[in-house]
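Both complexes shown next keep subunit A, but they swap its partner, so subunit B is in the first and subunit C is in the second.
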Partner chain A sequence: MQGAGEGLRGPTVVPQGGTIVVGLGPNDTTVEISQAGGGPVTKVKVEPGKQASIPVPNVPGGAVLYVQIGTGARARILVVEVISTLN
Partner chain B sequence: MQAMTMQQSGKTIVLLSAAICAQSPQFLVAPAAYTTTDAIAYEWIAGASRNLRQQVLVGSNHLTGMLGRDILAIELRRNAANEIYQGGTTNLSVTLSTSPNQPLTCSPTYQDNVGLDAVQVFVGDVTIPTSPATTGPVVPWTSQNVVRIDFTAPFTYFGGTLLVDIVGQPVPGQNANWWMADAMFEDIEGTELQVGPGCGAYGGPTHEWAFTSTRTLLPGAHARFWAYGPPNGFAIAAFGAASPVPIPLANLGLQAPGCSMHLLPNLVLATLVRVFVPETHPLLATHAGLADVRVRLPNNASMFGLTLTTQWLDLTQPATSNAIQWTVANAMPSLGMALVEGSPTETFGEATVHLAPVLRFELR
Partner chain C sequence: MTSRRAFLVAGGMFTAGTVLGGACGYTIGVAVGGAGGGGAAAAGAGEDELKTGDAELDELRRLAVKAPIEELVRLGVAFCRKRDISYPSDAILWRGIDRLARHLVQDPSAVDRSLLLVVCATIERGSPPAELRLDGVLPELNSLRKATRK
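Coming up: the complex of A and B.
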């Protein structure tokens, strides 16, 4: 499933150990990822095709991640749920 | 009726040709390399789904064929992609002027880029057509592939950097959520290297709570450095030369066990005080505050390969960040265009000199 909210597009569900590939309409040069509720932030640069590939951090299944571009009034966030790969 | 002489016949042909030329639309594309073929990147359309201000600074080297002529319209061509772009409507205000800045001296403050000869050339709704999938590399300027803005007042170009200043607002119920205009992205960047670990409560187990963006480490760009910390707390960003050995903060009189300075104290070239501004987005209410620094890098060759190290000091905890040694790209951006975009409610946007939409101007 793809979210396409307002200039930031990517999957809304990803498996543990996977990669989140997002496309972005604005001219941001990095994409940041964090866990819902806080915690450390990691960043990934935007590639020439206006995409960024973000390795899913080591979080438990069911964790919710925020993929963010911009700050303040420019901020756009894609909410991504990590699903467990265990059967 | 007498037959026309050779001379009369020649004159008629010349006059007819001139009349046809005068009536045929004439176009100029910037950058010209993408007159018919798709460029590598894309940019969203102002107001297609969100309030947005986009300033495009077009360098005079792209516009020599336009000198002394009236611009009657601007077009944005869709990006090549194997998907249908659903259409919609955007409400635009478009102002053209001769910017006092060049693309590589552009300002993130919108007003600084606006020239004294500013003319509002369009206000109103613009149709974003539903566009069929097209994989390129040639993408024709057909009505289905183009967002066209017909000016209500022409703008005469007399040289210099042309500023296309667009403010877009969404039209309720008519959003085009993913209609991307073709854009050029120059793949040029600086480098970064972590030269010392951070400490304190932020940045997870590695205490990495300071960052830079290598795509902003370009001559003429606005280099970005940022850090996360306690909301509303104060921070200092220090720029200088890396120390070969960490210097415990205790040696500098600060009680912060496990925290070290990674800059040579006698080679700190600049310090800037910032606040960790709380995020305003509701989803980020429990997140750290953000401190942000932009440094304009001069657009000259003296910047090539310039290396410095940046480290932050969080005054609340206190704690030091990871130290980042960064190097400016070893070449000048050559796009000849710049893009400043952001919220129309703010006075400034994000300025980039490596990315800009492909624009087609209709001329008279």
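Coming up: the complex of A and C.
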């Protein structure tokens, strides 16, 4: 199991309804997004070696998302906090 | 009293003490283990209790209960994610969340914000076992979350 975020580029905070832009490695073909604390996992196919723009799922402000890039031993995890757009 | 008789009396008392003490110790151990539920059982979990036949779950349980806190912290985000997705109802894995939460509160200077966020969310949304009393730690974790906001 690898520690979180090692070798992973991306934001740590995103607004509701925004996008998460992450840098991909040459072998990264999938990004998985899920909400911390439980819930479904959304898999997004991406093009390796480039940046991927992934829409923020419909979650409340304050929600915490796992963005996992790659699978298995090579997987890296980015933790992203969703902030409310309402003030 | 002859020395032979004194020896026999002392030996008898030693044997009675050993039997009585062992029985009381066993009874207390069973009572404490039963009252604590999953969390307390996990705290004293032996190797056999951690084994499930599922290698991935066994490794997560080792991390939760036996691994040094430094290792659990280092792998904490991945641990929490795997627990959420694959083993949300495993009582022993909650011991790992409990250890992480209390470590974050006890040593705020070394807080990793990503780990703090996922531990907060796991406790808030994951229905932790009542006996761990993680609801009591949550306000402190949320204060830390606010204090470390960038």
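The rule is short, and it goes like this: the second predicted complex is superposed on the first by the 77 of 87 C-alpha atoms of A that agree within 3 Å, B and C clash if a C-alpha of one lies under 4 Å from a C-alpha of the other, contacts with A are read in each partner's own complex, and residues count from 1 in each chain.
Heads up, the rule we're going with is that a residue touches a chain if its C-beta (ideal position, glycine included) is under 8 Å from a C-beta of that chain, and two chains touch if they have at least 3 such contacts.
Note that the structure is a prediction, hence the values are computed from the model and not measured.
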Just to be sure I read the superposition right, which of the two partners does A:T12 touch: subunit B = first, subunit C = second, or both, or neither? second
Tell me which of subunit B and subunit C touches more residues of subunit A. B
Who does A:G49 touch here: subunit B (first), subunit C (second), both, or neither? first
Determine, under the contact definition given at the top, whether A:Y66 touches first (subunit B), second (subunit C), both, or neither. both
With both complexes superposed on chain A, which partner does A:V79 reach: first (subunit B), second (subunit C), both or neither? both
Contacts of A:S34 with subunit B and subunit C, given as first, second, both or neither: both
Kindly list the residues of subunit A that each of subunit B and subunit C touches, one partner per complex. 4-5, 34, 36-39, 41, 66, 68, 75, 77, 79
Which of the residues in subunit A come into contact with subunit B in the complex? 4-7, 9, 25-30, 34, 36-43, 45-46, 48-50, 66, 68, 70-75, 77, 79
Footprint of subunit A on subunit B - complex, ascending: 40-44, 49-50, 52, 177-178, 180, 183, 185, 187, 189, 202-206, 208-209, 211, 213-216, 224, 228, 277, 279-281, 283-284, 286-288, 290, 292, 339, 341-343, 345-346, 349-350, 352, 355
Under the touch definition given earlier, write down the residues of subunit A that touch subunit C in their complex. 1-5, 12-13, 34-39, 41, 63-64, 66, 68, 75, 77, 79, 81
Could you list, by residue number, the parts of subunit C that touch subunit A in their complex? 59, 63, 74-82, 84-85, 88, 113-115, 117-118, 120-126, 150
